[in-house]
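First subunit A sits with subunit B, and in the next complex the same chain sits with subunit C.
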Partner chain A sequence: MTAFRKFLIQTSSRTALGFFPLLVGTLVALGVIVLILNHEHVEPRAVYDLIYERTLSLPENRANVVDFWLPILLCCCGLLLTFTAGLWNIGIEGQITMGAVGATSIALFVKLPHNQQILTELFMAGAAGGAWALFTGIMRTRGGVNEIFGGVAMNFLASNFSTYLLVGPWSPPNATGSATVRFPDYSLLPSMDKYRLSPITIYITLTAFIFVLLTLSGSRWGLQLRAMGKNQKSAQMLGVPTERNIWLAMLMCGIMAGLAGGHLVLFRRSNLPANVSGGIGFLSLLVVLLASVRVRWVPIVSFAFALLYSAGLPLRTRLQLDSSLVGIFLGILVFCVLIFDGVRQRLQERIEQRKLLAASGGEKSPPPPTIEIQIGEEVSSGSSSN
Partner chain B sequence: MRKRYSLALIVILVVALALSAGFSHQSKAKAQDEFVFGLILVGPHDDNGWSEAHYNGGLYVEQHVEGAKMVWIDKVNPADSPELTMDLVVEDLVSQGAKLIIATSDDFKADITAVAPNYPDITFLHVSGDGVWSGEAPDNMGNLFGQMQYGKAIAGCAAALKTETGKIAYLGPLVNDETRLFANSAYLGAKYCYENYRGMDPATLQFTVNWIGFWFNIPGVTLDPTEVANAFFNDGNDVVLSGIDTTEATVVAGQRSAEGERVFSLGYDYVDTCTEAPSVCLGVPYYNWGPSYVTEVTAVKDGTWTRSFDWLEPDWTDINNPDTSIVGFAKGEALSEEESATLDTFIAALGAGAKGEEGGINLFTGPINYQDGSTYLADGEAATPEQIWYMPQLLESMIGESTAESQ
Partner chain C sequence: MDPVLTSTLADMVRNAAPLLIASQGELITERAGVVNLSLDGTILLAAMAAFAVSYNTGHLGMGILAAMLIGMLVALIVIAASVFLKLNQIAVGFVLTLLCADLSTFFGRKYSGQQGQEIPYAPIPILKDIPVIGEVFFQHNILIYFSFLLVIVVWLWIYHTRFGLSLRSLGEHPAAAYVRGTRVQLWRFVYVALGGALVGLAGATYSLSVKLGWREGSTLGNGWIALAIVIFGGWRPFRIAFGAYFIVGLRALALYLQKEDVLNLPIQIINMTPWVLMLVTLIFVTSGLAESLLVIVPPRWRPAAQQLLRVKPPGALGSNFERG
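Let's turn to the complex of A and B:
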């Protein structure tokens, strides 16, 4: 066997194994989705046609998808930091909400020259989101409150605080409703001339992504976060300042989530509505899980999610599918991919066992450690590493 | 690693090709005389309430206007569709050929007012809103509504005829001019009938309003209407009038009646609301949008549409005529024959009053004071349409919050 052929076989087997959960999971999910569509008396082909027509066929439709994509990607960037550090930042929904509230507090009540106005609004969005996340981090390190429980509590608090503002001090004059009044034009993020896209949000998201990519791929801090994700106690014993890093990771994630919330109110909505985060944070959690915390995969997976998410409207208006079905489809996709990732782990264990067996000349050897989707490290296993 | 990215690229390309393959089958020919109109609903299209009434109005148009085709979307609200914006919704409906877009919630007011100028060739109709009166509506946007204050007064009268405890409650949605008007109308109807048909002292009538915060239940955002309705009955109210888009008041009354309590309810919006619990339902003031939608669609189709706020009265010759009356009142099984006859008398008197005939009733005639004791209408003063629409407070003797600030 030539070296080149050997290389091809090894690479293809590793690639096939790495892609196994994504491909098989997607196929199984598509099968389930087709069954649901049949139950709804909807032709799957019509769904595919419609998704393409209303999301990718025209520049303005693509722009809409990108507008869905940007805040999701921004949140994913933040979550990559926290997940790598081994932190489940479930509180990201609340951080988005507080970012939106922070931006609204300036948009509604302050009038500055346009550039200063936008800068102040975005600063408040990032600061509010960051502070909300940092508090969860402090509760984790100083109060001993797991960030999952702390995050859930902070989500609840943010949601109720936002609702209080809507029905109370920020309600429209002499009335109540599901949103504040629309912001004045000078408070809104500028849009591109031809497409409904915010250049500022594009720059912010791009910057965030490059920052996270560089941080996690080559920086000392990124290495520290990875070490914490693998084993926080060991990392601490080796001199990694874990408390500071938890605070920093949460703060950075909160800032990005807050900026995403700022985008939602300052560009997409032009007001602060009830339920402003709308599940974007949870969607981002799924994206990062599906991408197995791989930085380079996150833009692709999040774009696919944004595409499906933005296809929900035409599916509803043209095929009369229920509004909840798109969410169900996404859930099925994530569920199937995760299930088959578990299957992949089993397969990988067996392959490793056989290799060890062969290397030891047939003697039985202890099984390798279980390989799982490791929250806290970018790479889920040796054979599927980037 | 490169191989993996290559494979990823191939997968993406294959999926993209598979998706694009079907695209060539698009662009079906449309009938030449087809007129597409869009309907934006705030709740589910089958909610047995406000949104279903509008949806049925759209179906009525399809049946009565040649070539009319409805495109629609429901659940456009922050709880069910947080990802949607009015820009996206309108863009989608226009891309389906809609020439008239009917936005059917007062909650859409700010958004539809902002979006409409971007589509100068499309006609917009906002139900319910006062943009034409307030000057906020752009040239291509009108307002349409039924004079539901009559329906609410009839409902209030039915409640007053039935109550034994003298305690009536109103399950309110959010607080604004429209909702205050309806709560006040129900109170005025109840007060009139309590005094004039039952011979009771109106001072002994207790009329309580509680606002849940939106047109329907949004968990975590609004009060739960089921809990509010139960609280009303727990407080001794024996009739609850619904002012929200959904049927919790009737459902709760039915449940409590099944447990042996003497309680009743009145629905709102949709003609068949009483089917939720017929034995406790005194009736429902409802909207019948079909005929007025036909008028609007025909006007836009013919190019004769002009901007206006069409605040339409019931057809007093028969308020339940499905082809002529925008507001009706469907009597419920719980109304006795005697009460039903009295209610007919009241309805006839309201009609006569609306037409200015002798012996008619105009409930909006002074002296009437606001809740804080200030004068709403001086003695003998009849309210103008603007005075009826814009009432900043609940009326004197009503219990409940008048404004959002005091909630």
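Let's turn to the complex of A and C:
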């Protein structure tokens, strides 16, 4: 055994190896971005300075990052429920869009006292997003349509429906159909005095996060979702109401995504633009993947993502770099973390096998039955093929 | 026949070609037991690469080769992550699809809107003169003809060769295939690489033939459609081909009816119809509703109808295989 391998085995404590994928993934992603920047003849330092200047240097910029962060975190909270249950809710983009459409339908055409107005708009946002997600769940359980394909179809339907509204019935006079008119002030979410942040969205997001944290860490329903995520068939045989739980998890996720969509139109934009979700649903999926479905990591990871994404536009305007560069960085980061997490798991397996071999006095024994928690897949046990 | 309808049908055949190629590629991949969810991003990146390489080198062949290599590389990453690291194929594929889409946007921005080369028009002598059929099927370029041929070749390969039997066993029961002496992992790599290359070719078909040139997100959504068509087609080559033509045809028909003032629906609603119909059909077929309606089919036709409506994914789809 080489000294390096001995070193690896000795330092294979959970903490050290736990951070290994994130560390290596970040380094690789940064390395690739530096190469791309060199190719584009842009100083990495200039990019760093710009990102810092436009996100963290001033209080209003920090508030802007937080405003960007809240809907992402809200979506992540919903996705934590569906991922835990083993569901790939790719349809979250459509749920955000429908939430925005739901909120807009009230903001444009209904006039109520301010508090009731806001409540009704948020209710419609949550209801529209929830209904969109629930339908995907029902298609999965009753129609046998995989939630990935059901979700993708629902994304396209939501996107086309919102575009139809923008160019048709909700199109402002003499407009190109890229957005509705600005909502009246009484329809908009109130802002804090000092910073442009919505206290209502902060309360909603905080409540959603605490709810998900408590649900997944110490509730019976959370335990049922975990059991379903590990092996849905076994969970069902043990009496877990899997169909009801799929519907509930999808519904909760859809409500949270819908509320995020509501925030986008009722606060950030003050109207319904084309492509309102802007990819934050997929971004949230990446966050949850990067955080390995760990609830406590999600706020930190989503904040980092929000910080980088909110710097995308200045990259284009100031350095003539396409904002997709941020997407490339995050994509490589998540990809590398997945890969190196796989490397870490295999390494740990080998170490455990060696320990077992040493304990049995060198006699070869069959590998221990490992349980792998794989999102969206059933548990694979031991060395079986299926 | 109405010349507008004939040209609409010819357009339909041309527009369906990339979907046909990508979905046949994914069929091969999934028949080998692997899900490559990166199709949407791969097609975008391959389309951009095909255009950029042919634009810079002046060789269409180089562009097509670059696209196929990109498709192959992405697919190999998915299978390698699954085989060596036991990672979830869906997670890796999903991340790759987003990454490839961003890469295509970033590296393709200087080619956006540029005029590039086109696969030359190559009508087939004699066949092109057959009334209607000639114009619809035989007045295209070589990639479009390849798309029809591919369906036949894939069908023959899967159902009428020893290799095809082995391919099916990889997806249905890899352990049994291994016991029978098949090198499961090796062949999975081979088929996934082949499927990926076809997905890359689909990208090239877009930028060099169907939607000439490159624009950010120009093929967005088609990879997801191709994936859905594979399910819609029940993992069978001809049904998948029918699915591709059905989806493209529906849209072409709606546009034709709109042009003829028969139907006056907004384009967004027309764009929704393939998805609605796909969902309805999937629910009808996969929920067992279709099978329960078989009682009204005369017993003589029942086995054929059953076979037609059967949608059964490969038994080991998406699972890792380890030698025992």
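Following the convention adopted for this analysis, the second predicted complex is superposed on the first by the 354 of 386 C-alpha atoms of A that agree within 3 Å, B and C clash if a C-alpha of one lies under 4 Å from a C-alpha of the other, contacts with A are read in each partner's own complex, and residues count from 1 in each chain.
Here, contacts are C-beta pairs under 8 Å (C-beta built on N, C-alpha and C of every residue); 3 or more make two chains touch, one makes a residue touch a chain.
Quick caveat: nothing in here was measured; it's all calculated off a predicted structure.
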Overlaying the two complexes on subunit A, which is it for subunit B and subunit C: clash or fit? fit
Based on the superposed arrangement, let me know which partner A:S217 touches: subunit B (first), subunit C (second), both, or neither? neither
In the superposed arrangement, which partner chain does A:N38 touch: subunit B (first), subunit C (second), both, or neither? neither
Can A:T207 be said to touch subunit B (first), subunit C (second), both, or neither? neither
Based on the superposed arrangement, let me know which partner A:N146 touches: subunit B (first), subunit C (second), both, or neither? second
Thinking of the overlay built on chain A, is A:S234 touched by subunit B (first), by subunit C (second), by both, or by neither? neither
Once both structures sit on top of one another, what is the angle subunit B-subunit A-subunit C taken between CA centres, to the nearest 10 degrees? 70
On the A-aligned overlay, A:I90 touches which partner chain: subunit B = first, subunit C = second, or both, or neither? second
If we overlay the two complexes on their shared chain A, which of subunit B and subunit C does A:N271 touch? Say first, second, both or neither. first
First (subunit B), second (subunit C), both or neither touched by A:V167: both
How far apart, in Å, are the nearest Cα atoms of subunit B and subunit C after the overlay? 6
After overlaying the two complexes on chain A, where does the subunit B footprint on subunit A coincide with the subunit C footprint? 160, 163, 167-168, 324, 385-386
Given the complex, residues on subunit A that touch subunit B span 11-12, 15, 18-19, 23, 45-46, 48-49, 51-54, 56-57, 64, 68, 159-160, 163, 166-168, 171-172, 174-179, 181-182, 196, 268-271, 273-279, 300, 309-310, 312-314, 316-318, 323-324, 385-386
Going by the contact rule set out above, which residues of subunit C touch subunit A in the complex? 37, 81, 84-88, 90-92, 94-96, 98-99, 101-103, 105-106, 109, 173-175, 178, 221, 224, 227-228, 231, 266, 268-269, 271-272, 275-276, 278-279, 282-283, 286-288, 315-316, 318-324
Contact set on subunit A toward subunit C in their complex: 36, 88, 90, 139, 142-146, 148-150, 152-153, 156-157, 160-161, 163-164, 167-168, 282, 285-286, 289, 322, 324-325, 327-328, 331-332, 334-335, 338-339, 342-343, 345-346, 372, 374-377, 380, 383-386
Subunit A partner contacts - residues on subunit B that touch it in the complex: 1, 3-4, 7-8, 11-12, 16, 18-20, 22-23, 25-26, 71-75, 77-85, 87-89, 92-93, 95-96, 107, 110-111, 114, 174-177, 211, 213-214, 218, 220-221, 392, 403-405, 407
